[in-house]
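Just so it is clear, A, B, C and D label the chains in written order, and each chain counts residues from 1 on its own.
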Amino acid sequence: MNRLQVELPGLTLKNPIMPASGCFGFGREFSKLYDIGQLGAIMIKAATLEPRFGNPTPRVAETPGGMLNAIGLQNPGVEKIMAEELPWLQQFDVPIIANIAGSTVEDYVSVAEKISAAPNVHALELNISCPNVKTGGIAFGTDATTAMELTRKVKAASAVPVYVKLSPNVTDIVEIAKAVEMGGADGITMINTLLGMRIDLQSGEPLLANRTGGLSGPAIKPVAIRMVYEVSRNVSIPIIGMGGVASAEDALEFLYAGASAVAVGTQNFVDPFACPSIIEELPRLLDRLGLSTVKECIGRSWKSNEPIAHHCP
Amino acid sequence: MNRLQVELPGLTLKNPIMPASGCFGFGREFSKLYDIGQLGAIMIKAATLEPRFGNPTPRVAETPGGMLNAIGLQNPGVEKIMAEELPWLQQFDVPIIANIAGSTVEDYVSVAEKISAAPNVHALELNISCPNVKTGGIAFGTDATTAMELTRKVKAASAVPVYVKLSPNVTDIVEIAKAVEMGGADGITMINTLLGMRIDLQSGEPLLANRTGGLSGPAIKPVAIRMVYEVSRNVSIPIIGMGGVASAEDALEFLYAGASAVAVGTQNFVDPFACPSIIEELPRLLDRLGLSTVKECIGRSWKSNEPIAHHCP
Amino acid sequence: MIKDICTVIRVKKIADSIFEMVLEGRIADEVENPGQFIHIRVTEGNAPLLRRPVSIAAVDKKNHRLTIIFRSGGQGTLLLSRKVPGETLDILGPLGNGFPVDKVDSGGTAILAGGGIGVPPLYGLGLKLREQGVKVISVLGFQTAESVFYQDEFASLGETYIATVDGTSGTKGFVTDVLNERGFEADILYTCGPLPMLRALEAGDYARETYLSMEERMGCGIGACFACVCRKKDDPNGHSYKKVCSDGPVFKAGEVLI
Amino acid sequence: MIKDICTVIRVKKIADSIFEMVLEGRIADEVENPGQFIHIRVTEGNAPLLRRPVSIAAVDKKNHRLTIIFRSGGQGTLLLSRKVPGETLDILGPLGNGFPVDKVDSGGTAILAGGGIGVPPLYGLGLKLREQGVKVISVLGFQTAESVFYQDEFASLGETYIATVDGTSGTKGFVTDVLNERGFEADILYTCGPLPMLRALEAGDYARETYLSMEERMGCGIGACFACVCRKKDDPNGHSYKKVCSDGPVFKAGEVLI
């Protein structure tokens, strides 16, 4: 028995650790450093219908314990990804989770239809943090009805299970999670980045050319843990948790909070060996804590099921 | 001319730096370390109608670049604060901003009425992050209409200007800011803490007895800056900014983002001399950047007034 | 209470994960009572962000020096254990009230009951009590032989007994096992250690008076943030409270709920 | 490209805020071209979080050593400047393509035009070109006399000219002022420095071919995150791009939009 194994809709993971979308490209660079076949899965960079160049630079800025990015979904477009990246990835025995993005529902549906047909794409990850051009740029993921509708349509078009990636920039993440569950999502991935900004004191201007960017890294971990904890108690589909994971301990904290697997984003930049190191460390950590399998850790922190106390800061 | 001076409704600040509510008690402890009369103002610990003991311990937990707290508004109640704390503070030539909290609109109104009558209370800070018992615990500050109504009633009851302290745990902070402006707020203070959680791996339970807590400190600064930037472009009342300020540079970043003054919270624990150090450093920083007054820094980053680009993380 | 930049004079590993550090600075001059603590900023950056509270184990006023003893476990104490002589540390202190040393007369007997990382402040207390002519009996509990420290130092103050959970040194079991077995006659008991130990000592009847030093997670360390409150025993559901950092860490048994 | 734990051999302040550091480790063995860079993790903790890209100034393969030269300004480079010999650093590298050294024949002339912190990689390049029998002319721009470094090192490679913005050393003005004044005949120009300088050199006609080394804020440093892209000049509004970290940092003038 493999004590790290986790079964999720569409995915048999040899271990619960995978790189997060946008932090690993399509795996080529990391494959020069280690065997990426040892990963639980790979969440590839967002695919859009048409190629995108993304935002002007600077696209990243450092913040205390975190970083901001405004890459702007640069990607070669779904056709090229299917022609060049996915076939290359077939040499590795690792399930691919294809992150998809768009500006209209039709975009998403079309990308989902195409990319879910690739043989090594075992699941889709629906990035609903993108602005919806039809509603003046309000993100799909900040309105429950929009999120549900989008999920429903993508689910209908997809040949593989659909995981919806939640935006943390909402008042009530449980409401959105329940909506996408109703929309037919097979799972949830969370969290995407928090909206943030840094201002450069020399120029007096926002440091990122796009002004705002997405905050990721250790700084956001407590927000992610809180959200995974709350959502996991309120939906019955599984969660892949992420946000600031830098160690096996962090990964376990997400499992305890209620995630069934864990993605590593920013830490891949801090330490390109982050994923294999965590995979290697995980069994030792389980031993140290007297635990036998990853599965038994999932949701340990909320076994009591008491409703959450409201807090006045 | 005092180059650090800032004029705000009800407040003539000799400098734009003040301790944030809950991070400075009522000033007694810090007064043993330095002359607290040199502060721009003091935001005292939240007052509620009745005394509160607060939450069970542990009440604080450290996180990467930040901390969580779930103090639970422990305070001796408005009467005792008025009898014992405010008179003691009168020996210092410093305006007091009284933070008020409650579980019902009536609570808030009553505390506002009482405490705004104290001679050294120059303004109120309305903490709307508290759960509203009448709506099953949804925070006042997460619904625009509720926030506006509460502001209106408190404003009517208060003898001094009212600043509303915004919660960052919302989808659209600009909407809430506009609502409290419509409700008659004289100013805005922002941001309160982000909801977060940490799980202890030994016990498998959330580390805080209250499970969730409020995230503060450097980790949240980019979120605070983004929100101050967005809100300041959309309201015409002034903002006192806070969230992770640890240095004069951080304070200036908030001014650039659009705040007119800056509060320092968590950093008071890291360095109890944080406020006087920043006050001392500020003129040197202005010199280094070729700036003459604090006033000219306010909102420098958005002079262009371009609408903000939406971002897809 | 002052804030000072202190210089690391010496760092020594004295048991498994346990380090003894000698610091020099003006804070030493301000120490009033054994049992007071210091609040240490372990790094200039913010990883980790918060200060770490550590008891003063001994003070040498003549040389403006303090000794602390700490377990290196988490991020902060690990960084602390790696400091080298000559490096400086930003320290706030002395904080808290410390143990009352005037509650027992010369010629009287005091028991010092320490558990694990609660042992250090009792050493400074023992030195002070000896100075005042008090007879000191020390009962120190540890996990295992490898984690025992300062046995000789305590032995130089008076009778000293060790208990280890696994029995690899001294009595197998807890501090209370030694106390129950030996039945010392004492005027006063001072204790510091894990909560279950404090509770057992408070419940037992080991001396005329008992003082216990508490631990709680702290923010400010100076009484301003209300992170570290505990309830008063005479008002368990009311609004009375004590702050461990500024009203404590030492309380008379029966004063606060533990 | 490998990741290795390198040992700090020496750190020396060589000009105002400018430090020279010698590192030892396997990464030195992998260096292919001058102008490649390394990505340094300056602390084990996360303050600061991201690695810092710094050019390799010189390599000593026999002793497995690298030299880097950096300006200590922000949080990361400040920590770096405080490292002491014997400390170790987690380094990823060598990264990027570096300067093409085969574009000029033995006996030809190369101009090295460096500005400020763009000067270091040109030194390693100069060494290599000299080795190949190329004549090297160095034109180095700085803010002021106090920030000048490596003047003697470059002088040992060939004619060397200094420009300072305030005229306190060498020509008053910019690198381009020296170039315009002197009108050197050269086969190739290699440059690294601030954007306005790169733009001026690209626009001018100082050599048959020009190669420039770019800077951009980086995430991964290895080509995976798309933080550091620049547009291709022949498709200024399209989807073509180059990554500074993996396709660069050195580009042929005219290849990318600067």
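Keep in mind that, in the parts below, a residue touches a chain if its C-beta (ideal position, glycine included) is under 8 Å from a C-beta of that chain, and two chains touch if they have at least 3 such contacts.
The UniProt protein names, listed by chain, are A, B = Dihydroorotate dehydrogenase; C, D = Dihydroorotate dehydrogenase B (NAD(+)), electron transfer subunit.
No experiment lies behind these values; they were computed from the predicted model shown.
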Other chains in touch with both subunit A and subunit B: C, D
Which of B-C and A-C has more C-beta contact pairs: B-C
Interchain centroid distance [CA atoms averaged], subunit B/subunit D, Å: 46
Geometric centre distance via CA averages, subunit C-subunit B, whole Å: 36
Separation of subunit C from subunit D, taking each centre as the mean of its C-alpha atoms, in whole Å: 54
Junction residues of subunit C - those touching two or more other chains: 46-48
Multi-chain contact sites of subunit B, meaning residues that touch two or more partners: 22, 63-66, 69, 217-218
Overall pattern in which the protein chains touch one another (line/ring/star/complete/other): complete
Subunit D partner contacts - residues on subunit A that touch it in the complex: 22-25, 28-30, 32-33, 45, 51-54, 57-62, 64-67, 69, 71, 74, 76, 217-218, 246, 266, 268-273
Complex contacts: residues of subunit C adjacent to subunit D: 43, 45-48, 75
Complex interface listing, subunit D residues touching subunit B: 46-47
Parts of subunit B lying in touch with subunit A, wherever the complex brings them together: 22, 55, 63-66, 68-70, 72-73, 101, 127, 129-131, 137, 139, 142, 167, 169-172, 192-199, 201-202, 204-206, 210-215, 217-223, 225-226, 229, 244, 249, 252-253, 256-257, 289, 300-301, 308-313
List of subunit D residues in touch with subunit A within their complex: 1-3, 41, 46-51, 90, 92, 216-231, 238-239, 241, 246
